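Common to both upcoming complexes is subunit A, partnered first by subunit B, then by subunit C.
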Partner chain A sequence: MSKNGKYKTAPLKCWARVKELRKKYYEDYAKAHDRNGLRWAGGAWSFSAIPSGLGEDVWSLTSEPYAASIAFNKEFSLRCLEATEKAGYARDLCAYMRNYWGSIILNEYAFGGTFPKPDFIWQDHICCSHAKWYQVVCDLEGVIPHFSMDVAAGPYNEIAPHKIDYLVNQMHDGIEWLEKTTGRTYNDELLIEAVKNEFRSTSTWAEICTYNKHVPAPLEEKTMYSLYVLGTLDKHSREVADFYEELRDEVKDRVDQGIAAIPNERCRLMSDTQPPWGFLSIFRYMEEFGAISVGSLYTYGLIGIWEDKPDGSWGPRTTPMEQGIEIKDRDQALRLYADWTLSKPEWQHFYSPHLKTEMMARIAKEWHLNGILLHYNRGCEGLSVGIAENRLGLIEAGFPVMAFEGNMGDEREFDEARVRVRFDTFMETLGIKKDGKS
Partner chain B sequence: MRMITGGIDIGAKTIKVVLAENGRMLAKCLVPAGLDTAAATQQALDEALTSADLDKDMVDLFTATGTGRKSCPVTDNEITEVGAAAKGMNHILKSCRAVIDVGAEEGRAVRCDENGKVIDFAFNEKCAAGAGTFAEGMARALEIPLEELGPLSLKSKHAVPMNAQCAVFAESEVVTLIHAKTPREDIARAVLDAIASRIISMLRKVGFEKDVALIGGMALNPGFVEAMKRGLEMDIFVPDEPEYIGACGAALAAAE
Partner chain C sequence: MSQASLDRETFEVFRNWRINRAQYAKEWKHRTGGKVMGYFCTYVPEELIYAAGILPVRILGSHEVQDVTEPHIFAMFCPFCRDCLAQGLKGKYDYLDGITIAQSCLHIRQAFTSWQKHIPIDYSYYLPMPHHVQSPRATPFLTKELELFKGSLEKWLGKTIDDQAIDNAIDVYNRNRQFMWKVFELRKGDTPPLTGEEAMELVLSSQMVDKQDHNAALEGLLTRLSKREKTRPAGTRLMILGSEDDDIEFVRMVESCNSTFVIDDHCTGTRYFWNNVESDGDRLGRIADRYVTRVPCPSKDWPNRTRVDHVLKLAKDYGVQGAIVMQQKFCDPHELDNPALIKALNGAGIKTLFLEFDVTVPIGQFKVRVEAFLEILQEDDLF
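So, the complex of A and B:
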C-alpha cells in the first residue's frame, strides 16, 4: 500500500536503457557517414527491414517520431513551423511534416548539429501527406534517390493472395532499386534476420500491451510513448526486439508483484491518435483524479501486431518462427513480411472508421475502461479521419467519451487550459473528484 | 435541519451569487465581473447576504462554478458549469433532459438524466460565433443597444441567410446587408438565427429529447429564444431568471 494511494508503484528498471537506445539511434544516423555507412529516411510505417539487406552499416531516420521529438521541444518546434510557413507551405498541412521540413529549412538537427541529409529515401504511401512528404524534402535538399511503395491493399479482413503479390512485387522492385542506387550487393541473410527481428519486436510489444488489462495497470500511456517509440524507430533491429523481450519480462513481473503505474488508479481511460506532444503534462493532470490512460489503439496498434486468440481475446500475433516456419529465401521473407505488416491494426481504419470503432470498443471492454478520450487532431489527416464516427460508435457501445481539439505537432492549436476544464467536466460526469476533494 | 448554502457563478462578464436554504432560494445578486474578480465576487456576495439578512458565517458551505471558479475567493468546493447547469435545471424542471447554456463567451449543450446527472456535453469554445459576445458585436454594428436586438428581430417578416461562420466576417456581412438596405429587423433575425444554428448543431451532437431548457444570459433575448424554437422545431423551456441557474446549481451542489 502506497502512502498516497492504494497501490504500490515503482519506476521501470529498464528506463535508462530506453533512453540509451533512442539516443544511440539518432546519433548513429547522424554519424553514419563518419563510418562510411549509409543513411536513409522514410516513414515509421515503411518496410524498414528491407534496407537492412544492404549491410550492417545502414541507419535510418524515421520521419514521424523525429517530428514528434521536435514537437516536444516547443521552442524549436515553433521555429520549424514558422520557417515552413515562411517558405510558403500551408499551416493546415500535416504537423509532423511541417516540423520535419522546418528542421531541414533551418538546417538544424533536433539532436544537435546540422540536418543530416539522407543518401536515399525509402517510403510508403499510407496517407496523402506521406505520399508528398519526401517529394518536398527533395525540393528542399536537392535530388535524393526516392523509392515509394503503394500500400493500398485494403483492410486485412479482406486479404487475398493477389493483394500480397501487389506489395511483394513492389518490394522486389525496391530491392533491385536499392542495389542500383547504392551500388551494393543485397544480402538476403540480413533481410531474413531483420524481418524476424520485426516479427519478434512487434508481437512482443503487443504482448506488453496486454499486461495493461490488469488492474492496476503496470504501465501508463505517457511512459508507453517513450517505450513504443523504439518500434517506430528501429523495429527490425535485434536491439529493439531484445529490449522488448526484456521489457515484457519486467512488465509481467510488475503484474505479478502488483506494481502499479500510478498509486491511485481508480478510473481507466484510453486516448486516441497521437497526443499533443508539447503537452504531455495533461496525462499527469489526469492522475490528480486517479485517472490513468492505459493506452490506445494508437500505442497498441501502430507497432503491435495482434490476432484473435482462441479464448476470444486480443493478443500478440503468433510469429512465423513460433509457428515453426523456416524462412529460406527472399521471396518467402517478403511474403511473410507483407502479410504481417498489412495486419497492423493502425492500417485498418484508413479503409473504414467502423473497423477502428470495433477495435477501440474491444480495447475498452477487454482493458476494463471507464471512458475514452478522443483527440480531434488537426495535425494528422490520416489518423484523424473518421474520429467523429468513432465517437458515435463508442457512445452507442456504451462508453463515455470526451472529445477535445488539438494538434499533435503544432502547439498553437492546443489550448491546455480549456482541455483541462473539459477534462474536469468529464471526470465530474463520471463521478470522480480530484484526490483530497470530498 | 436548516442548511444554508451559497452558489457563486463566476462568468466571463458577470458574477452571480445565489443563497439557498434547503434548496429554496433566499437571495440572489448579479454584478459585472470587471477586472478584479475577487472584489466583484465579494461585492455580489455582500449584496446577496444583505438581501437575505444573513452573515457570511451563517452560510454552511459555498460552491463555485463558472469559467472563473478557480479564482473564487470564498468557496469550499467547486462544480463545473456543465454540472451546475444540469443540477440547477433539474431542480426547477424534473422532466428536463437537455440544457442549452449560452453565456457571454461560451455556449454549452448538456444532455442529462432524470436525476440531473450529465450524460454527455459539448462546448463551443474559442469561437464567438456561438455566444453572447457575437450578439453584442452585431448589435454594435447595427448601432442599437443589445437589449433591443431580440425585440427588433421579432418584427422581421423575412429570413435573411447569414453565411459567415466567424464573428469577424459576420460583422462585415452585417455591414454589407446594411448597405444593401436590408431591413434592420431582418438583419437582427439573421444574427440570432446564425447563433441558434451553431448552438443547435452542438445540441444535436450530444443528442437530446424533451424537455429542452435554455439558460444563461442569451436566454433573456426573446429573439434568440424564438430562433432556437424555429431551429429545433419544438418548444423550449426558459426558466425565470435563466442567468442564475448555474449559481443555483452550485448552491444545490453545496448542500449535497
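So, the complex of A and C:
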C-alpha cells in the first residue's frame, strides 16, 4: 500500500469503442428482422458460439446484462419490477429475471421501442432460475421454441469423459434442434470460428484482469463492469475477441507507464457478486478513502477462463490454438468448447462454497488486497449461494471482510446510506481515513 | 376398544417412527451393525445406499425457531434448508455415519456443504444428479455417476455391492412404492379410509426407516384399512401441493375444518414414491432411469412444464374440489411454477388457496384463511 501516494491517471483510450460495441449489440438484436436475420434470447453463460453456425445474420439478447441495463435505470426498473409482481411472480425471485419479465409485460425495450420477441431461446442451466426463466418468458410471450442445456455436471476438478459427453451430446442435440427450428442448414465453419473467438476473448479477459495484480492497479472495478460486459453479450464474436486484445495491450501499456485507475490508491479491495447496479456511486465513495476495488471473482471469473500457471500463479487459460490444436470438425469443436467452459471459475461454487473461498483467498493474496467486500445479494441466489460460508472461510484465512446486504437489480432492497456508514466503519478498522482527514 | 382408539393404533407405528426417528436409527444400527446415511433430497438413489447395507434417512427440520444457521446460510435462502442444517449443528443427527445429496435446488445443497464443513462426519458424497431430465442424455450420464457413487460407497465400506444386493434393494423399494400406491388408491373413494395427515405420516416415516420394516407395517395397514369403519365424512376434498412440506400440524388443522386432503404433489408425498424402478436393462441404468423419469421437482421440470398435466390428472383422478398451494418462503423453483399451476388449476375449475409458510406455521392465521377458502368451496357446492 502506498501511503498518501499520488499516481498519474488517464482515461482509457478504448472507452468510446466499448460503448459503441455495446450500443451496436442491442441495436443489431432489435433490427435483426429488418435484415431478415434471426433473433435468439438466452443467458450470458449460454454456449453462444453454437447459434453462430446458423449464419452471420443471427443476433442475440443475453438476459442478465440486459436486465442489469434496466436496473441501472431506476425509474424503468421499478416499473418493470412492479409489473412482474402484479402478474403474480414472487418479489424474492432473481431480480434480473423480474426486470426482464417486466420489460416483456410492459412491452418496452430498454433501448427504445417495443420489446423485440426472440425467434428462439437458447439457454443453459446451472442455477435454479436459468431454464425456468425462459419457461416463464414463454408463458408471457406465447410459445417460443426453447432449448436449454444442463451444464451442472460437477466441479471442474472432477472432470471426466462422461461429463464432457453429457454436455457435448446435448450440444449435438441442440444443433439438430436449431436446424429443425429455423429451417437453416448448419455451418460448421462458422461454429469453429465462433468457438475460437470465444476461447480468445475469455482467455484475453483473464489476462487483462491479471494486470490488476500490479500496484497501482490500472483498472478499477466500476470501469471493468463496462468492459467485461462485452464478454457477457457476444463473447464468441470476432469484434469482442479483437477488442479485448486491443484492451489488453492498452492495460499492459498503463502498467508499463505506471498509469493508475485512481490517483490515491492506498487500499486494495475486491467485491463479490454483482453490484447494486443502480448505486455504482458507492465505488466513487470508496475512492474518497483511496480505496479501490481491483475486481472480484465475479468480474474475473464470470466470463474469464483461467488456469494454474507453472509459477503457481493464476493466469489466463492457454487456448487450444496456442497449444497448436487445429479444430477440424463439429464434434472436436464442441468437446473443446465444453471442457473450456466447464472450467469457468464462477461455475465452481455451485457445487461447494469452499471452492469459491479458495479462489477468493487466492485472488486476495495474488492481487495484494487489504480487504474484501461481500455483497449479500438478495437479487441473485446463484452467485450468493454459499456466501456466508465464504465469509467464514475468508476470515479464517486471515482477510478482513465487510458484508453488506443489497440487491443487484431491485433498488428497494439497497440502503445506500447504511452501506456507506458500514464502509466508513470498515475503513476505520483498516486504519484508513478519507483524503484530507488526519 | 373404541373406533377412535383403533384409528389411533392403526397409524401409531408410523407416527412413532416419524417422531422417534433418532431412536429408530440408533436401534437399527445396534440391531444390524450397519451404518446410517442422511440424505437431503429425494433425488438421492436410496436403492444403491440400501444395497450397501446402509440405512438411508432423510434429513428434515424440526419446525422450531433456531438461531444457529445465520453464520452459515444467507437468510434469503429457504427456511427449510436452514432448519435442516440447524439439526446437524445442534447434534440432533449425531447417529449419522455419512451424508449425501443429489443435486437439486441451490437452497438445500447449502445445508449439505455447510454440514460437510462444520459437522464431523465420516463420509459425504455430492451426486451430480442431472437437471435436464427431459433430455435423453440424462439417464446415461446419471448411470455413470451412479457407478462412481457405488465405487465410492464400496471404498468407504471396504466391500463390494453385488448384483444380488442391488436386486434386493430394488425389490424392497418397489414393493414399498406398490404398497403406498395401494393405500393412496383408497383415497379416491367417496369416503377415504385415511386422512391427509395419516397419508403424510406414511410417507414421512417411509423416508426414515428400513423399507422392509415399513413394508411389513404397510401390508398390515392395508388389511386394517379395508376393515376400517368409514365414519369420517370427507367433507371438501382437497389437494395440497408445493414446496417441501412435512407440517403435520397444518394438515391436521385443515382437516379439522370439515375437509380431507385426498392427494398431494409434494416430495414428502406422492413425488417420493410415484415411480418404480423398471425391470428391464442393467441395474444402475434402471435406477438412473427411475430418478430421471420420476415426477419432477420444479427445479428439473424444463423446458416443458410437465407438472401441470400431472397435477391436473391427480386432481381429476382423486375428485379434488380445491387445492392449497404451499409455498416455502424463498423457494425459487416453486415460485417459478406456481403462477402457471394456479392458472391451470383455476382454469380446470379448481379453486386455489396460496399460502406462504416458514418452518413455523402460523396455525391461527392460516386457519382463518383456510376456513374462508372452504366456505367459498362449500358455497360452490350449494349453487
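In the analysis below, the second predicted complex is superposed on the first by the 433 of 438 C-alpha atoms of A that agree within 3 Å, B and C clash if a C-alpha of one lies under 4 Å from a C-alpha of the other, contacts with A are read in each partner's own complex, and residues count from 1 in each chain.
Convention: contacts are C-beta pairs under 8 Å (C-beta built on N, C-alpha and C of every residue); 3 or more make two chains touch, one makes a residue touch a chain.
Here the structure is a predicted model, which means the values were calculated and not measured.
A.B. asks: Once the shared chain is lined up, is A:Gln170 touching subunit B (first), subunit C (second), both, or neither of them?
C.D. replies: second
A.B. asks: Is A:Val136 in contact with subunit B, with subunit C, with both, or with neither (first, second, both, neither)?
C.D. replies: second
A.B. asks: After the superposition on A, what does A:Ser384 contact: first (subunit B), second (subunit C), both or neither?
C.D. replies: A:Ser384 contacts subunit C only, not subunit B.
A.B. asks: Using the superposition on chain A described above, determine whether A:Thr429 touches subunit B (first), subunit C (second), both, or neither.
C.D. replies: first
A.B. asks: May I ask you to decide whether A:Tyr376 touches subunit B, subunit C, both, or neither, giving the answer as first, second, both or neither?
C.D. replies: In the superposed model, A:Tyr376 contacts subunit C only, not subunit B.
A.B. asks: Touching A:Asp92 in the superposition: subunit B (first), subunit C (second), both, neither?
C.D. replies: A:Asp92 contacts subunit C only, not subunit B.
A.B. asks: Should A:Arg418 be classified as contacting the first partner (subunit B), the second (subunit C), both, or neither?
C.D. replies: Once the two structures are laid over each other on A, A:Arg418 reaches subunit B alone.
A.B. asks: Counting touched residues of subunit A, say whether subunit B or subunit C comes out ahead.
C.D. replies: C
A.B. asks: Of all residues in subunit A, which touch subunit C in the complex?
C.D. replies: 87-90, 92-94, 125, 127-129, 131-136, 139, 146-150, 152-154, 160, 162-163, 165-166, 169-170, 173, 350-354, 376, 378, 381-382, 384-389, 391-392
A.B. asks: Applying the document's contact rule, which stretches of subunit A touch subunit B when the two form their complex?
C.D. replies: That would be residues 395, 400-401, 415, 418, 421-422, 424-425, 428-429, 437-438 of subunit A.
A.B. asks: Over in the complex, which subunit B residues touch subunit A? Could you list them?
C.D. replies: Residues of subunit B touching subunit A: 67, 77, 79-83, 117-121, 123, 125-126.
A.B. asks: Residue numbers of subunit C touching subunit A in their complex, please.
C.D. replies: 70-74, 76-77, 103, 105-107, 109-110, 113-114, 116-117, 126, 128, 130-132, 135-138, 140-141, 144-145, 148, 298-299, 302-303, 305, 327, 329-330, 332-333, 335-340, 342
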